[in-house]
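Each structure below appears as structure tokens.
Okay, so subunit A shows up in both of these, paired with subunit B first and subunit C after.
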Partner chain A sequence: MHAKIKLQEIPELLDAEIIQGDAAENSIEGAYCSDLLSDVMANATEGNALITIQAHKNTVAVASLYGAPCIIICNNRPVPEDMIEAARDERIAIYRCSRNQFQVSGTLYRKMLDS
Partner chain B sequence: MTAGFPLDPVTGPSRILELLYNMKVRDVMSADIKTASRHSPLRDIQILMKENSITGVPIVEGSRLVGMVSMDDIIRALEDGRIGHPAESGMSRNLIVLEDDMPLSFAISYMEKYHFGRFPVINKNRELVGIITSRDIIVHLLISINRELEQLEEQDRAPAQQALEGSLNRKWYTHKFDFEEAGKASTEIKKIMKEKRPDIPPKLLRRIAVAGYELEMNQVVHSEGGHIEFQLDADAAVIRAEDRGPGIPDLENALTEGWSTANEWVRSLGFGAGMGLPNTRRVADEFTIESDESGTRAKAIFYLYKSGEE
Partner chain C sequence: MRIRADLHIHSCLSPCGSLFNSPSEIARSARRAGLDLIALTDHNSSLNCEAFLEACAREEIAGICGMEATSAEEAHCLCLFENLETALDFSAFIRDHQQKVPLRSERMGDQVVVNLSEEIIGTVDYLLISATDLSIDEMEAQVHSRGGLFIPAHVDRRAFSLTSQLGFIPRSNYDALEWYHRDNPRIADYPEYPAISNSDAHDLESIGRKSFAFEAEAAGFAGLKQWLGQRGSGINRHPSEETPG
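Coming up: the complex of A and B.
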């Protein structure tokens, strides 16, 4: 699955709000869904969006270490200000939506297959 | 900032940071405390201050701290004609206290944050054991800095250590449960690698970042704190992680995926999945670890120009 999804399509696709819009990349290639940061470190690949409910500064560190273009926070979990700042510094977008990880993964997966 | 310690506990010189984190509040506080009871008249406390040249008196019940009377409280009592009243009528009750085994850096950041001239110090059993003032901190820091400088001069006189041609060394400190700064070492290691060795394969870069991150998080989650050292030589990158204990009782288990001793709230943040050490061992070209009560020492080596990696 090598299809890409443009970052600017994501908010509409997931009915998500843009918490932090500045990003170094303009598209994602696949996604990784996990709330265990060590698991993300071990298994996510560069270009994957990170789908998670872990909304804190360290999520940004992990995302930046493996090379995530964006982080998608599910279940409308609150995003702290220091996380937003860290993401701005690292130029990783943050989107937040009310859907859960399963729904977000499913939507992105189907979109990848279609494109 | 009234107190204004010109010390940056994040980016300051590493020797100073080491002092700030290795010195404990109990090493610096004065344990000879003059206290008074809640029934002592404020006038007696004023006299106690004068005779002992101190600016604050803890009010205690047995060994339990119930309040604090400062010079400001005395002045206010004098202005209002309440100097004959008991201590409890003029003392501050909302006290910010320090614990005796906190690193000195905490005391400094409290001084900056709350602008008090002194803090009562309590022990694990919440008993009053001392008092710490900005003067105590300055005096003890100066003593330690003198000692450090003496050592430095000593080293200068000794034959110069061989500095490897083109090698680079960096060090970061980690602190127990300080998730704020965690991830810093690994992020910077990745940046250094990108800058100094732009030609290394992305997979290798990734492996180095994973090891750095896991070793760093291990110290934050499980140890009393420690440091991460990064050494970049011509053909290898080395990450060393050393902490101050309590050590890993069962290394075999700790290297098994899924085995974890992390507590609930650490896990709720997405850490402590029991993958840290196994991940590190998996990504490193060489990995050694040893541990006892004094601490854990781990080393991960990466060969930069092994063939075959993309």
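Coming up: the complex of A and C.
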């Protein structure tokens, strides 16, 4: 699956709000869904969006390690200010939605298949 | 005597720790901060503990060898040992159980082993903050089989804590719980575990910023273990039964 999704399409696709919009990349290539950051470190690949409920600044550090264009926070978890600042520094977008990880993964997966 | 302790301090071996945090400087800063007892707890390694003990001896402050280990659930746990040999044995055990993500220093920071003179005598080439494959219970059993102390770290933080990873604090064989917020009202819900707070210092200025105090005959591992044992055996649970004095 090599299809890409533009970052600007994501808020509408997921009914998500833009918490931090400045990003170094303009699209994602696949996504990785996990709430264990060591698992993300070991298995996510560059260009993958990170789908998680771990809303804290360590998530940004891990996302920047492997090269995530954006982080998608599920279940409307509150996003602390230091996480937003870290993401701004690393130029990684943060989106937040009320959907859970399964729903977000499914929506992005279907969109990838269709495009 | 009254002992003031800070049992959660990182050195330059932790990728997130400042390179200025050599064991020598840590001991010096701790003495200046008025601490009597400190522990070196780098992420998943005790390799800087030898220089740490030498530095503590030089500064005439009591030092405990330990580490902040990462369980499979990604809960951080303080593991403290009676002597260097035991800490290094546990460190080798943890190394064999840790996921090996290659360290990219330019992104992740450095992980250096140093001697008392702050000369670099080694590096670790895999990322030390990554997780092990040991569950919290397995880790607790391994620490206790070596006579060590097992203390879940910053249990009320929103990352890498029992609360953030499991959603609750399961009852288990802990020697204490380390609380990030000393005034957290939830502490009262866990009367069977002594509540302590430490700095979790990653830079010299933070050492001793948070600490706790206890009564013991001397500053050291034995006195700490004895005090925790007394607290855990019910004094905390039934404050009214506490004997005077």
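Definition applied: the second predicted complex is superposed on the first by the 115 of 115 C-alpha atoms of A that agree within 3 Å, B and C clash if a C-alpha of one lies under 4 Å from a C-alpha of the other, contacts with A are read in each partner's own complex, and residues count from 1 in each chain.
As a working rule, a residue touches a chain if its C-beta (ideal position, glycine included) is under 8 Å from a C-beta of that chain, and two chains touch if they have at least 3 such contacts.
Fair warning: this is a prediction, and the values are worked out from it, not measured in the lab.
Once chain A of one complex is fitted onto chain A of the other, the partner contacts of A:80 are limited to subunit C, with no touch recorded for subunit B. Residue contacts after overlaying the shared chain place A:48 against neither subunit B nor subunit C. In the superposed model, A:105 lies in contact with neither subunit B nor subunit C.
Of the two partner chains, subunit B and subunit C are each touched by A:56.
The interface of subunit A with subunit B overlaps its interface with subunit C at residues 36-38, 41-42, 54, 56-58, 64-65. On subunit A, the positions that touch subunit C within their shared complex are 36-38, 41-42, 54-58, 64-65, 80. Within the complex formed with subunit A, the subunit C residues making contact are 70, 74, 99, 101, 104, 107-108, 127, 130-131, 158-160, 164.
Those residues of subunit B that touch subunit A in the complex are listed here as 179-180, 182-184, 186-187, 190, 202, 206, 209-210, 213-214, 217, 269-271, 273, 275-276, 279, 282. By the touch criterion stated above, subunit A contacts subunit B in their complex at residues 35-39, 41-42, 46, 52, 54, 56-62, 64-66, 82.
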